[in-house]
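In what comes next, subunit A is part of two complexes: it sits with subunit B in the first one and with subunit C in the second one.
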Partner chain A sequence: MRDFFRSLKIQLRVIYALMMREIITRYGRENIGFLWLFVEPIILIVGVTFIWSYIVHREAHGFPVATFIYTGWISNKLWLTTSSRVMAGLQANLPLLYHRNIKPIDIFLSRILLEITAMTGVFMLLGFVFVMSHVIEPPHSYFHIVLGWYLMCWLALGFSFFVASLNTLTNDIVQKVWGPVSLGLFIGSGTFFLVEWLPPEIRPYALLLPSVHNLEMIRYGFFGNQMHPYYDISYSTSFNLFLTFIGLVMFRLATEKVRVE
Partner chain B sequence: MLKRVNAGALFLIIVVIPTFTGIVYNLLIATPVYVSEAKVVIKSLGGGEMPGGLGSLLGALGVLQPSTSGAYLVMDHIRSRDVMFRLEEKFKLKEYYSSEEWDILRRFDPFHLDPSYENFYKYYTKKVVETFLDTNSGVVTIRVRAKDPDYAFKLLKELIYISEEFVNRVNKRASMTALEYYREQLELSKKKVREFAQRVKRFLTEKRVVSPEQEVGVLLSMVAELQGRLISKQLELSTVTSVAPENPRIPQLRREIDQLKEEINSLLSKITGKKDSLATHSVELELLKAELLMLQKEVEMNLGAFLQAQNQAHLQHLFIETVERPIRPDAPTEPKAARNIFVIFAISFALWGVISLLIAGVREHTEE
Partner chain C sequence: MKVEKYLKLENIKKNFRIRGGINRVLRGVNLEIRYGDRIGILGRNGSGKTTLVKIIGGVMKPTEGKVIRRMKVSWPIAFQGGFQGSLTGFDNLRFICRVYGVPWKDKVEFVKEFSELGRYFYEPVKTYSAGMRARLAFALSIAIDFECYLIDEVAVVGDRRFQEKCKEELFEKRKDRSFVIVSHQPSHIKNFCNRFFVLFEGRTVEFPTFEEAWKFYSSL
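For the complex of A and B:
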């Protein structure tokens, strides 16, 4: 047991060091340096939120577009960007594996953690700023936002493992089709719709993606009772659990493959 | 070593202390809140919001449909200062919600900074009553929060009563304004006709005529007869003068002819004289009659409009129905302690993660 905790401590330190390394290698030390980690998504989210709400539409089906786009965009970017970063991560960091204490899982976890933390920071900061500046209404239920967001983070973790391992196993085929696939997932996950707007016969298909459930939860937290949320926490949780399991199994196979090579 | 201590302190400040405070507040300090809930639906004939005139068709058929605008009207009324003051009068709202029995976060104006009604109105709309509309079914949910179940229950019952009263008042007002207007118009035109008929009557009695055309006819036939007689007398005179110029009947005939002429002239002057002749009376009477006809038409039209308004007023009516009656809650449902504690922990934990990352990023700079 003590050995386990010692190993865990080492692993945490390794992950921390990898995160720092990632920050430095990605953004360097020039100008604002690692702050780009936050600034980049902030510019993007603020941009799309304003373009959608002030140029395209102010309201859709009686809902303020700013809140709608802000929640949808950032939530779906969270899990999709994370997995695409992780996918690109293993190949780029292969030389690091020559260190005895650095394992592929550390590379994965460090990238996932970094991405999730950055997006969460952006989500909180922008939420705070938007509410303070009356761009969006104050949330109705923090519980739903928090729960939806954490489930989304978990999805990001499981999905990253799954997709990155699949990519390694299929010799980078996933990465080649990733553009259209991620766009499809981005749209299909409800960035631009609420489940209640869909015709009833399509709703069950939309609700196959756990991200739709999570996003419905987050949006319900913001909109409150003016919307009809369609979510199932147990579905989202079990999907995440299953995906994480599959992801880890595939990850094992992928590391075997990498080691052989 | 220093790093670890700092990290621990950060975690303590951002995560442990808020979560612990949250636990203490939610489990030990927070006043249990009873929530009383009721559901009503506001209906109108045909709904009115349906596209393509379907609403008015259904309305004409007498189909009752949930009315969104009606629902918003009632919701706005419940969350108005007007209703707040009514409740204040009856239930002493402000006193109740500023009572010391409330915990400091739930209490109204806990530090006596702004006890104004404007401030209390904010509190009232945020913490005392909650209303929301289910746009799919048109059901309006009304919730009231209080620290005793009875108080919440009574307050909610009063609110339901107030909304019913409000709907009735809106109905009455809507039908009244339109109906009242058309009724007034109708009465006005009726009065005009009556007055005008009076004028015609006065005219007829003053001028001592009943029906100028017929009278003219009679007079003309009299004139014709007299003229006939005049012509025969004139013929007689001319024959008599040609046969016997000295005939003693001649002067008499001449007198008779003169008389007849005079008679005819007087009759004719009765028909077409300057003043008080039948011709002028008849023209005047024609004008009066035309005007009377016009006024009668006006009455007809106003009556039509009035009847239509009566139907329309019926169509505009809102109806309020209670879907779920208020029930006296038998257990406090707030605060949702587990939920709140989880939220505090989750948010502070995320905040800690982000801040640690930021700090670590900054440290990277100095280590060089």
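For the complex of A and C:
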């Protein structure tokens, strides 16, 4: 038991060190530093929302566009960028395994944690600013937002392990097709649609992706009865459980393959 | 209660899969290192010296066998691969200290001084010359206090004066510690070690004196 806590302490220390390292590497120490983390999504959301609201049309299907884009964009970016960061991270940090305390799982977890923390921060901060400035309406149900977001974070974790391990096992084939695949998933996950807009016969197919369920939950949290949400918490949870399990098994196989120079 | 400090290798085997078969690099290495032992291992090129050091350091897993570490064992010192080009020497120091759970503030002066980087200590590593990188790598390796140092002699570089400095820092100031030095040259092993081995056909053979080890090694 004492050994367990000692190992846990070391692992937390290592993950913290890796996160700090990643922050400095990615955003540098000059000018606004890690605040860059917030800049990219803010520019995208403000830009896209602006185009949709003022140039295309002010309101789509009777919904406030800003809320719609804000929820869809960040929620789906959360799990997709996390996965791509983790996928790129293993190869880039391979030499660090020279330090025996640093294990591949620490590299994975540090990136996942950093990305989830950053995106959650962006989501909350932007939400706060948007509500305060009346760009979007205050949420109708925090419960649905938190639950949907939580399931999305879990999906980010499971999917990262799955995709990054698969990439290692297939000698970087996943990375080569990642562009179109992630774009497909981004669109297919409901970034630009509500399930109720789809023809009834197509809805079951759209609902195969757990991210669609999660996003419906998050959006319902904002819109309330302005929309009819389609989600199944047990489906999303089971999917996450299964994906995490498969991801960890594949991770195990993938770590056998990585070799330090 | 006094905790006994030692490091033990039990029947270490390491195979590498190569095209057209398996290369059995280590074929059952047994080695017990007590605190204060200064192990010198002579081996020809390709005999598995570096592999052995990496396995002792935990960088690499053996195919078979067990490594029991009851000492704080260093990483193979002066390793340069972990540098991220956009990080400064200072960033790398902080990273290493965090990983090993040492307050970095205590180490800044030492590493800055020892690596002779001057203002470059706060510049990105990608702007360093090869010599600067090597000095930083060495300084970082000894900034953390270990009970057993692993040295792959081929990897230790730098000009003559710097090498002298490294020698003093390691072999004089830390001579009470344990060392594992692998090399294909007699130099440091002869002068500094107190146990002598030859790595031969995937196993280590111990000799009572350096002369006997050297004689055997030269006859290979």
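In this section, the second predicted complex is superposed on the first by the 258 of 261 C-alpha atoms of A that agree within 3 Å, B and C clash if a C-alpha of one lies under 4 Å from a C-alpha of the other, contacts with A are read in each partner's own complex, and residues count from 1 in each chain.
Everything below uses one rule, namely that a contact is a pair of C-beta atoms (placed from the backbone, for glycine too) under 8 Å apart; a residue touches a chain by one contact, two chains touch by 3 or more.
Small disclaimer: the values here were computed from a predicted structure and weren't measured.
Once the two complexes are overlaid on the shared chain, A:G121 sits against subunit B while remaining clear of subunit C.
In the overlay built on the shared chain, the residue A:F143 is in contact with subunit B alone; subunit C does not reach it. Ranking subunit B and subunit C by residues of subunit A touched puts B first. Of the two partner chains placed by superposition, A:H134 touches none, neither subunit B nor subunit C.
In the superposed model, A:G224 lies in contact with subunit B only, and not with subunit C.
In the superposition on chain A, contact is made by A:G28 with subunit C only, not with subunit B.
Of the two partner chains placed around the shared chain by superposition, subunit B and subunit C are both touched by A:M20.
Once the two complexes are overlaid on the shared chain, A:R2 sits clear of subunit B and of subunit C alike.
According to the touch criterion, the shared surface of subunit A, contacted by subunit B in one complex and subunit C in the other, consists of residues 16, 20, 24. Across the interface of their complex, subunit A is touched by residues 54, 57-60, 73, 75-76, 79, 81-82, 84, 86-87, 91, 94-96, 98-101 of subunit C.
Residues of subunit A touching subunit C in their complex: 10, 13-14, 16-17, 20-21, 24-25, 28, 95-102, 259-261. Residue ranges of subunit A in contact with subunit B, taken from their complex: 16, 19-20, 23-24, 29, 33-35, 37, 62, 114, 117-118, 120-121, 124, 142-143, 146-147, 149-150, 196, 224-226, 228. Remark: subunit B residues 132-136, 141, 336, 339-340, 342-343, 346-347, 350-351, 353-354, 357-358, 360-361, 364-365, 368 touch subunit A in the complex.
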